[in-house]
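Both complexes shown next keep chain A, but they swap its partner, so chain B is in the first and chain C is in the second.
Here is the complex of A and B:
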């Protein structure tokens, strides 16, 4: 990857020794590494990125998303866009844009981590920190919108969320590529800390059009906390989600769900790791792939039950539907168990829609296109129905089905 | 005067390399009930699949004229829009798709074909309430996934419920009696009889005479080796019940 025309200011503030020709971020991932075996990065590598962070979007309504209410934080091309945001004052919430930390965290801490983490820290342009104080329950979702709207723009952003004791929060993240921009790249990092007996649900929606989005996600859970993340991947050249869910306290609930629907050579990759470090926790994973027209899907989910983490219940599944012969899925469910008193299962299925079911629907006057849509809906419904908001659910469905 | 609904002429078809229908002729007028009987493997279910448009079967000869239009190359959905309905012997389960959503989609797809607006929710639900009563379909089943976890009898009732919702011109009931106990059989037959009018026709495909006590046919046809070898009135069914098919097979071989 070549990065040029870098924003002058950010360059100065960063390590001045940084050499553009040699980013010194560690070696660029190749398919020889197990973690990148199924996701070639050729398309990304050949782009000459810049990070001139200007604004282009005048109104959120111009993007294909439902009306967003309540607290809305919008980043565009890697920078906070105050015109598009709506920072209503919520007494339970502390929101900050951590300008200082943007730079200070760079090289040392990130050494030995992967390339995209290094890239993120080295060229970080915006870091949003959101804290919810102890003992609050916020019903209305907090919205985080991360847009790329400029051709070949590289946006490195971070979102840190801390939920304090006994509090509950719901976050909706939108990663969007404007339909007029090409080859932009949002390289994002989510860091989540859940204090004891807290709860967080993240609905994450990725609709990048002809742009890239990688998300590195780290979730740390203290005792009796609950974490649920639903990832809906609708469009993008390459989408990659790397989730590390680390459960440090007892009696936690962790849930990772997703629907990914690549089409037309799009490549969507979900990597997840759930680390059960202690006993008496439950985790659930349910990812559904709907792949068509030369789309490629990857699911690699790993559950690790560490030594002495007894009475863990961990269930992981990945079901995929390939709608035609040109589509591909690489599915790798993994369990590593070092404790002896656990209930764990994992499984993966890949298939096509039943011809007989298709014929049945058609005899009722439902066209092939609509029949496939209906069967797809039936297939992903298990994950979609976890959202209780009807409008959001319909919007997600529409984008996933590309209706 | 009775009006012609469908005319099948010299119909031949095959699946893979196997010839199944071998020159079948059948005319059905509006207002009529036809029963098609025959031994296993005679082509009864193939006939229903071919009429509904299953493209696993290749029509190699002959014609199917439905309401003045040749339909042997027509898609299953278009046949449905024109008024064809097949009640399946083995109704298919569609996980995750609610019965209600499925039917609303079916009706709206047809409306779209005819350039009519989508059916308003209120009107649709009223229709569902009326039509499901016809076969005593449990309220819960309407909201469950299509046929998923339904008992054999519930699946068959659901077929007739769908038939009532779509109000077809020609209904083909493929072994609708199989797997039904006598009470369920009566309910299903009763539903079919209530849907009968001078504008539509019913084809009942069955192994047994039993169903024909409840859905009384105007004509009974015997299918053997892909052809209709004998046609009679309802007394033929009774005769078949007593004598089996062998005497007919011998006759036709002469």
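Here is the complex of A and C:
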């Protein structure tokens, strides 16, 4: 298999200088490729990365995140950090760091097409495999923290989740960049396999400060399973989320939500693909962009309904607010439909806040800043309220609104 | 005797392209293939001035260095550009003075198409510039238009008689470097229409050109240039039918519209090129570049009904350069059997307070693929601009596809951009309701489809609306899923 070939040791050696363009991993993406049309990678290309992985953070409390309880898995600069982690023994869960473990079935074909996937497999430094046995409902969220704390550090990590029959799980993923590190890069890959009648919710929070984060995600769903992913992108030089949700079984529910709030030349890119291979499924997408001060937002959603996948209900929504003169948004909601008995629709809007609503708030003595904040809150609340945890919700809001 | 479903099916299977006939007119053809000599030959045949030849040669040079685009959501065998004759003109011995001198065969063809020039002249008030195999043979109502100062003639005449206008505007909206097919067109275009509406003139009639591919194996490279000077108005109709052929014919036209300050152009198209037979053999490749540019407070409105062509690849666009300008795009695209369409529009907002509306209705039947691909770009300076897009797709069978690829690029916070799209099939309840009242399934579907497309059909001028409605019916026959 190609993965093993790519995994040879010479590449895995610690390198002090990694020039992304000359790694022999296929051609480096350019804007001529449709998938990278709106995301220039100049900023990433000019950095000389290293993969000398060491720890710097002594205590999770030094990071700006709410107190994390329960099972915590922490990767720092691409390596498992046992001091920061808290591996409480849960009998329902099997946890391993086995790099040879492969769970995903459909992702094999997509694996070697993409530059950053190749990069991930060739320089893979840590792979976390989490398996939930059948018939368990785990109430407390499991926390997965992926930190970059060293300058120009390239971290390639993977997280595989397999949820067996009738089980239910909630995962919180934190992608964090310490405020003192610059130009670090987390190139992460999530693989999820949901067995029949299982359910998984992932809350993904990205707060990278002055670092990069790309996430490639592959989700395979078997019959009657439920998958919900909420992506909150708060900061980072370039953030890119590439979600492929493949629905292989009937009566599945898939939901992808997100809020992205780039500010000050940050570039946040959300790509999603939902593949409906079989009939009788539902999928929903709802992405909100709040773009400030020369920030750039990209949304590219795609729903593919394959032939014979009848009775599909798919809804795709992308709303964007541009707050400043230099902010930009590129939205591309796509539908590819090969079956006739479907109900698919999408909507995309871009605009600014209603002047009259703003005026109303101002007449009540609320400052411009506060009014805008309130209106932003109202705008993104539809997605934020998906989370029921009050503390987490408040934290997310605070970071997204950047006050 | 009742009419059974089986009979209906048989009838539909045997029903073929209504306008599929070939008129037998002697025509003059250029040798097959494309090289610099052919470009020179075309130019010299048309007795063109040096600057025109230079333009063609430059375009040809650019074209040679380009490669065929393949990003569209269509699959087809690429045409062999060296296997096409690039020039064909009905033989004519002298300048024609009146209709009597026109080849009677040609007149009969026109009658079959339902556009007998005499009829048109007397009854409908439409001036027809009839283009048959690339060269205009008959132009009517010229004098009447001439009184108003309107110039409406074939492109080659315009090159001879109005070189200043052609020189100034040709290539100003669609430059020869724009894309592969526009470069090809600029190099080898055979003829087309030219129209100029002077300042403040409201064109009293709908200008119309019928295009028609006639000679087998001839690529048709039309070029249309329409200039509406300040505060003028014109409504232009373009319609096409093509005879039945087995080999693929290439059609790569370029249409340029220029609406100067406060002018308004309404451009309507009914496109019915031969779509290939039920097995997907033959049919026309339609790769067209259509674009208009708007000045201050001007308006360009594209309306199109697309029912034909094996492969369509067409994006009528508006560049909203002037402040307060308006761009509109109304489209019905029908695909049946093995047809493929990748069509849509581009609205490029540059000026302040510009407005655009996109209404696109796609109908796919048989095993066809129908895509909407549209760009809405709000430039940095396009303050307070507004766009509304609606793209609906209707699926008739479980083997066809309907796709939507909207591109929304917004760089100004004061702009409002809305896009919505839906994909569904004909409501079973609607169908049931009609059939319950004794309307046959076929009729019921055409009724529902007509209602679905009404929003766009209503935008067509009267003469076209009827024809378009008929075309919709013909195109969808046999598609009951």
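Side notes on the structure shown:
Operating definition for what follows: the second predicted complex is superposed on the first by the 367 of 403 C-alpha atoms of A that agree within 3 Å, B and C clash if a C-alpha of one lies under 4 Å from a C-alpha of the other, contacts with A are read in each partner's own complex, and residues count from 1 in each chain.
To be clear about the criterion, contacts are C-beta pairs under 8 Å (C-beta built on N, C-alpha and C of every residue); 3 or more make two chains touch, one makes a residue touch a chain.
Please read all numbers here as calculations on a predicted model, not as lab measurements.
With the C-alpha superposition on chain A as described, chain C and chain B fit side by side in the combined arrangement. In the superposed pair of complexes, A:375 makes contact with chain B only, with no contact to chain C. Residue contacts after overlaying the shared chain place A:91 against neither chain B nor chain C.
In the superposed model, A:42 makes contact with neither chain B nor chain C. Between chain B and chain C, it is C that contacts the larger number of residues in chain A. Look at A:364: by the touch rule set out above, it reaches chain B but stays clear of chain C. In the superposed model, A:32 lies in contact with neither chain B nor chain C. In the superposition on chain A, A:338 contacts chain C only, with no contact to chain B.
Superposition on the shared chain A places chain B and chain C such that, viewed from the Cα centre of chain A, they span 80 degrees in steps of 10.
Looking at the shared chain after the overlay, A:67 reaches neither chain B nor chain C.
The overlay of the two complexes leaves chain B and chain C separated by a minimum Cα distance of 16 Å.
The interface of chain A with chain B does not overlap its interface with chain C at any residue.
In the complex of the two chains, the chain C residues touching chain A come out as 71, 378, 393, 395-425, 481.
On chain A, the positions that touch chain B within their shared complex are 354, 356-357, 359-368, 370, 374-375, 377-382. On the chain A side of its complex with chain C, the touching residues are 34, 38, 307-308, 310, 320, 322-325, 327-352. Of all residues in chain B, those touching chain A in their complex are 52-54, 75-77, 79-81, 84-86, 88, 91-97, 101-103, 105-107, 109-110, 113, 145, 162, 166.
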